[in-house]
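Scrolling down, you'll hit the structures one after another.
The same chain A turns up in both complexes below, where it pairs with chain B and then with chain C.
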Partner chain A sequence: MKKIYFFILILLCFMPYPSHGSEGTKINVGAWSSLPILHEGRVKPLDSFARVTLKSFAQTDSLRGLSASEWLALSVFDPATAVYIPAFKIRDAESYGLSKTKNRLYSYTDLGKIIRDNQDNIQKLIQIDEKEWASSQFNLMSHYQHYILYTQILRSLTLILPINEEDHNFLDFKKRQKELDQKTKSIIKNKGTDLEKYTDEEKEIAFLSYQINVIEQSANGNVLFRIIPENWEQKQTNWLSPWDIILSGKGSPKSAEYMKIWQQMAKTYHTDDVEQWSQTIESTKTYFDNPKLRVEKYYNMLNLLHCALIFYIFSFLFIVFSNLANNKKRWRNNLEKISFALLISGAILQSIHIILRIYILERPPVGTLYESILFVSLICVLGFVYAAWKQKSKIGILLGGLSGILLLTTAQGFVSEDSMGTLVAVLNTNFWLGTHVLCITIGYGTCLMASLMAHYDLFMRWQHPEKGEALNQSYQNLKTVVVLSLLFTTVGTILGGIWADQSWGRFWGWDPKENGALLIVLWLAWLLHSRVSQHLTKIGFIVGSAFLSVVVVLAWFGVNLLNVGLHSYGFISGVAFAIASFTIFELALIGGLWGLENKKRTIYEN
Partner chain B sequence: MRFWQKSRHNIIELSHYLAKPHLLFYALPWLMVLLILGTIAQKDLGVYVATEKYFNSFITWMGPIPTPGGLSTIGLIFIALTIKFIFFSPWQWKKSGTILTHLGVLLLLIGGIITALTSKEGFMIIPEGQEINKISDYRARVLNFYQDEQIIKTVSFRDLKIDQVFEIDNIKIKILMTCDNCDAQAPSGQYDNLQGLAVNMELFSIPEEKNSEVNFSGLILSAETGKTAQNGTYIVMEDIPKNPILKGDSGNIEIKLERAKTPLVFGIHLKDFRKIDYPGTNKAREFESDLLVQDGDLEWPVTISMNQPLRYKGYTFYQSSFDTREDKEVTVLNVVENKGRIFPYISTLIIFAGLLLHSIIRLQSYKDKAI
Partner chain C sequence: MKINIFLLLVILGVVALWTSYSATRSPQSDSSPKEEDTSHLMPAPDFTYSTVQGKTGNLRDHKGKTLLLHFWASWCGPCLIEFPDLVELARKKPENFVILAVSTDKNLADINKFLANLDKTIPENFIVIQDGDKKISQDLYQTIKLPETYLINPDQKITEKRIGPQENWLSLDNNNETTE
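Right after this comes the complex of A and B.
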């Protein structure tokens, strides 16, 4: 067993971890990226903000040679360089006259050209309802939004960035703005606007005055980079951007001190002074020392879900290989052990990933559709791990790996740029998330387990109809999982009704989401009762259980397509085709397996 | 005698049949069909109409074909389950999980029946600083005749008929047209002697909204009084403050089309409404209403929010929505009176215990067999 874990350790070493070494600067932004920022209603580390933002621009959370945090540091501390970094995915770049690049990434300057060339179109589109935009128009407006957003980021700290060689910044000159404006007016009054007539000193004054006014005007409404709490004593407080503080006058002595630290950061970033930079970052600990922020940064960095998926893939491959090594018992046993260890390791990593989310978000891990898929996937894997351990069977390992792969891959299709968003008011209750939603998602998990087991059972009955005892054992296992599914889905559905009674005043309103949950309960109740009444044969029961996958997918995702009812927070679009394809695929697969099994059974019985 | 014997025999036979799970083999798939059709239909028909058609009906028409509706299907399952539970339950430890589960489902269905028969639902719109002691109905409208701000006659809007005539305080009122959901257009010349709003517009009927509570109802009526100057055709529309006021023998009569209201024996006063956003966003984290319940000489403060309703004297008040009117915040409370609300709470516990017991017994017997 030690050898197996040594092997897993080697595998871990090859996992793709993002580097923190950046190109062109010796500054390490590791500790800096743990500093807090308020974004989308949640205080998160700068690292998360950087990843979410970069993902929305570049559809990836790191660039070649730059991590998201490094890219953000460059953008706020050195915007003049950042504007040339290709960080915007523009798939239709050629239609705007830009030359095609390998990864379709373009810089802010390229984006700016597109926006300038299409200014009139953009103005027209702003007046039109979004639903009427064509796909190309939608893309253009998306580029425009990215341009506006990144412009804000680039200007976030322009008030403290050096604007001349003496390291003076906007704030230094702001105190002299009135005097500079008056001097400039007097120069214009005496010499007009022709720069040729100005002395060097007059040119400098005029330029400085112009620069300060431009910086101030362009920073109006710059509220994205909320790094300073409005009230340092309150937990639930609004946060302000540096520009907000200056323009709205909502600062405090503590905010001013903290701004000075950021000023020092900007200076040391520019001078590439690693030691000074580290000391400055260290000094922020007197303001914020929230372990949650550090944990979130490591959560981002480790990407345990990705690791878990790789483990599941390897677990699945090893168990398949073990089947091929039928004649070499030692090989087969070792492969099975490795496969099982990989499956357990994957489940542990996924569990840690989910536990970290609970710790960071302070709520049960089932607040969004994406989270529910992660949780259902863990339930399936853990269920199969238990079955594999209890019955010393490799079927559990095979199905555990397969369910992990299928569900974690599906989850990727539902992950938004920010997978840790805030919840709508009605969902903002840990009690009901921890009871109803947890219960019903466990039910979804056990239903999918039952479906996978039924698929496998059909396959085995087709391939090995002679293995009577093993098949009977498999059938009994399936029945137990179906009963458990009925337990969790029924109790989960009724708890949902009680939550609805608490929130909306009615236990049951035939809302699509409620009907979806009821559909699963009825399907399970029908399967069990029809088996008791002998209307369904063993095979009929297995086939019906296999179709649980379709019933669960319809109830879980399908009802959200209707955009009807009070569960408006779950609406999704664009998955109708995927659901239809899955249903047809399952019909063909289960129907095919059933037909083949039937044919083989007839031959075998004769 | 033979007839009674035969009847008794038939009843016993039927009971035996109903007590078996055979019925469920056909009833549950049909319920699933209704469930799927009723859910999909909500997209086009709206939740209320689709629910009435597929789930709250004894017969559901599939085109010209009558089929069992949700009520008859669930009713049949309920009868079968009751017979099974009372007369044919195998009272053995091995089956205790199943029996408990069936009891839980029965209680759930009984709760559903009581809720369907007794529950009343309405809403209250309370502006900040005001007190309301009436519950408005979501759907039912009434035509009210006011004299000195007191209602002297009420007629259900649904019961109004064309050419129906009322005589109030020597004013003869004749209904000319009604529309459950109205739109307005310029007068067509169909009606004579136009008065009030009718001078500038005429109502016509448009298809009802999916959610009937947002329908905009109205009617056209003619009035004849002793004073010829006010005789003519009038328009009455809900939520429009300009209502016809006619002079009767004993005073002015104002005609209003309003939502039906149920009076409460206590009042709800809104002190403050708050929408609390996530910091730095416009996304609501919480909605809260600070209320003052006033019952006789007693009054006490209560704060309700999402998932935290107020329950008092059989009514439950839920934070449903909010609005801003004339710079004043307004809270919208959903009010429900439901005598069956305790049943789901009890049945959840019983079903949970039943299914858990069933699973444990099943696993245990499975283990015993293995040994």
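Right after this comes the complex of A and C.
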């Protein structure tokens, strides 16, 4: 067993880990990236903000040689350099006259050129309804939005960044703004606006006055970088950007102190003073020492889900290889053991991933469609791990790995730029998420387990009809899982009705989502009752169970496509083709297996 | 099998009870701190000041009194409108109440000129301070736009910040709350 864990340890060494330290600076932004920011309704570490933002620009959460946090630090502390970093994915760059690059990433200056060249088009498109935009127009507006957003990020800290060689910043000159404005007015009054007539000192005064006014004007509406709480004494408070604090007059002695720390950060970032930088970051602990933010940063960094998926893939491959090594018993046993250990390790990593999400988001892990897929996947894997352990059977390992791979891959299609976004108001209840949604998703999980088991059962009945005892055991297991599915889906559906009664004032309204849930319950009830009353043969029960995958997919995803009913927060689009393809595939697969099994059984019985 | 289902039901019950408990426990308790409890309030940072008469002092000298830390300037129109009301407020509350009127004017002469033209006698508990280099206003209290006023309790903790000119200074009661 030690050998197996040693092997897993080696595997872990090959997992993708983020880079540390970027080119050109010795500053380590690790601790800095744990500082808080309010973004999209949630206080998160800067690391998460950086990843979500970079992902929306570059469609990746790291750049070559720069992690997302390093890119963000460069953007806010050294915007003059950041504007040349390729961080915007522009697939249609050639149509704007830009030369094609290998990874299609372009800099802010390139993006700026596109925006300037298409200023008139953008203005026209703003007046038109989004639905009427052509694909190319949609892309142009998307570039425009990215440009606006990144401009805000670049200007986030312009009030504390050094303006001149003496390290003076906007706030220093702001103290003298009244005096400078008066002097400039007086110069213009005496000498007019021709700069040639000014002395060097007068030019300097006029330029400084102009510069301060331009910086202030360009900061209007700069509200994205919300790093300062409006009310430091309250846990639930609005957060403001440094510019918003200054322009709205909502500063306080504490925000003044905190901004001085950021000023110090900017200074040390520019001087590349590693020691001073670390000390400055350390001093922020007086203001914020939230372990949750650090945990979230590590959650981002580790990407446990990715590791779990790799473990499942290897687990699946090893169990398949073990089947091929039929003649070498020792090899086969070892491969099976490794495969099982990999499956358990993957399940542990996925569990940790989900537990971390619960800790960070302070709610059950089933708030979004993406989360529900992760949870259902874990239920399936854990169920199969239990079966494999209890019955010392490699079928559990095979199906566990397969379910993990299929569901985690599906989850990737539903992950948004920010997978930890704020929930809509109606879902923001831990009680109902923890009871109804959890129960119904466990039900989905057990249904998919039953379906996979039924597929395997059909396959085995076709391939090995002679293995009577094993097939009987497999059938009994399937029946148990179907009973469990009925229990969870029924309790979950009833709980959903009670929630609907509390939220919408009625227990049942024949809403598509409600009908979907009922469909699963009815399908399961029909299967079990028909089997008990002998209306359904054993093979009929297995085929019906195999179709649970289609029934669950329709109830889980399909009804969301209808865009009607009160469950509007769950509406999705663009997966109709995938659902239709899956249904056709399942019909063909199950039908084919059934036909082959039937043929083989007839031959075997004769 | 029966035992397993029974176990599952027990687990479900425990989850339901736990979520129910956490749902009822969390929302109200943190949001409204008791009126008397001031431990959560931000302490007012201390500073040394020079009055327009040339005397020096510290914020901490006024510990035990209710303070109004008011930021203004002689060139700021709205500040000048509310200034007489503040003087009147100080006159009405001679005991345990002090107004520190911090002017960001660069020239002392501008402050004195305004005070000389003011049709009111400045009481002793109304202290006019010059902060020409804005070390108190901008560096310490992050006041950039004028007028702004901090209300500070006898423990020298900030109870409120008021942005912009106020019309109801004269109705300020002993708890630093406007009664109108």
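In this section, the second predicted complex is superposed on the first by the 596 of 606 C-alpha atoms of A that agree within 3 Å, B and C clash if a C-alpha of one lies under 4 Å from a C-alpha of the other, contacts with A are read in each partner's own complex, and residues count from 1 in each chain.
Heads up, the rule we're going with is that contacts are C-beta pairs under 8 Å (C-beta built on N, C-alpha and C of every residue); 3 or more make two chains touch, one makes a residue touch a chain.
All values reported here derive from a predicted model rather than from experimental measurement.
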item: First, second, both or neither for A:Arg506, with chain B first and chain C second; value: first
item: Partner chain(s) touched by A:Val491 [first = chain B, second = chain C, both, neither]; value: both
item: Touched partner set for A:Leu471, first chain B, second chain C, both or neither; value: neither
item: A:Thr480 touches, of chain B and chain C: first, second, both or neither?; value: both
item: Touching partner for A:Lys175 - first (chain B), second (chain C), both, neither; value: second
item: Which partner, chain B or chain C, touches more chain A residues; value: B
item: Contacts of A:Gln236 with chain B and chain C, given as first, second, both or neither; value: both
item: Which of chain B and chain C A:Leu38 touches, first, second, both or neither; value: first
item: A:Ser255 touches, of chain B and chain C: first, second, both or neither?; value: second
item: Touched partner set for A:Gly434, first chain B, second chain C, both or neither; value: second
item: Touching both chain C and chain B, counted on chain A across the two superposed complexes; value: 236, 429, 480, 484, 487, 491
item: In the complex, chain A residues that touch chain C; value: 171, 174-175, 178-179, 232-233, 235-236, 245-246, 248-256, 259, 364, 429-431, 433-435, 438-439, 480, 484, 487, 491
item: Of chain C, residues touching chain A in the complex; value: 1, 5, 8, 12, 15-16, 18-20, 22-23, 30-31, 40-42, 44-45, 75, 106, 133-134, 138-145, 148, 158, 161, 163-164
item: Of all residues in chain A, those that touch chain B in their complex; value: 38-42, 223, 226, 236-239, 422, 424-426, 428-429, 432, 476, 479-480, 483-484, 486-487, 490-491, 494-495, 497-499, 501-512, 515-516, 518-519, 522-523, 525-526, 529-530, 532-533, 535, 559, 562-565
item: Chain A-touching residues of chain B, taken from the complex the two chains share; value: 20-22, 24-25, 28-29, 31-32, 35-36, 38-40, 42-43, 47, 50-51, 55, 108, 111-112, 115, 119, 121, 277-281, 283-287, 306-307, 309, 316, 318, 320, 334-336, 338, 341, 344-345, 347-348, 351-352, 355-356, 358-359, 362-363, 366
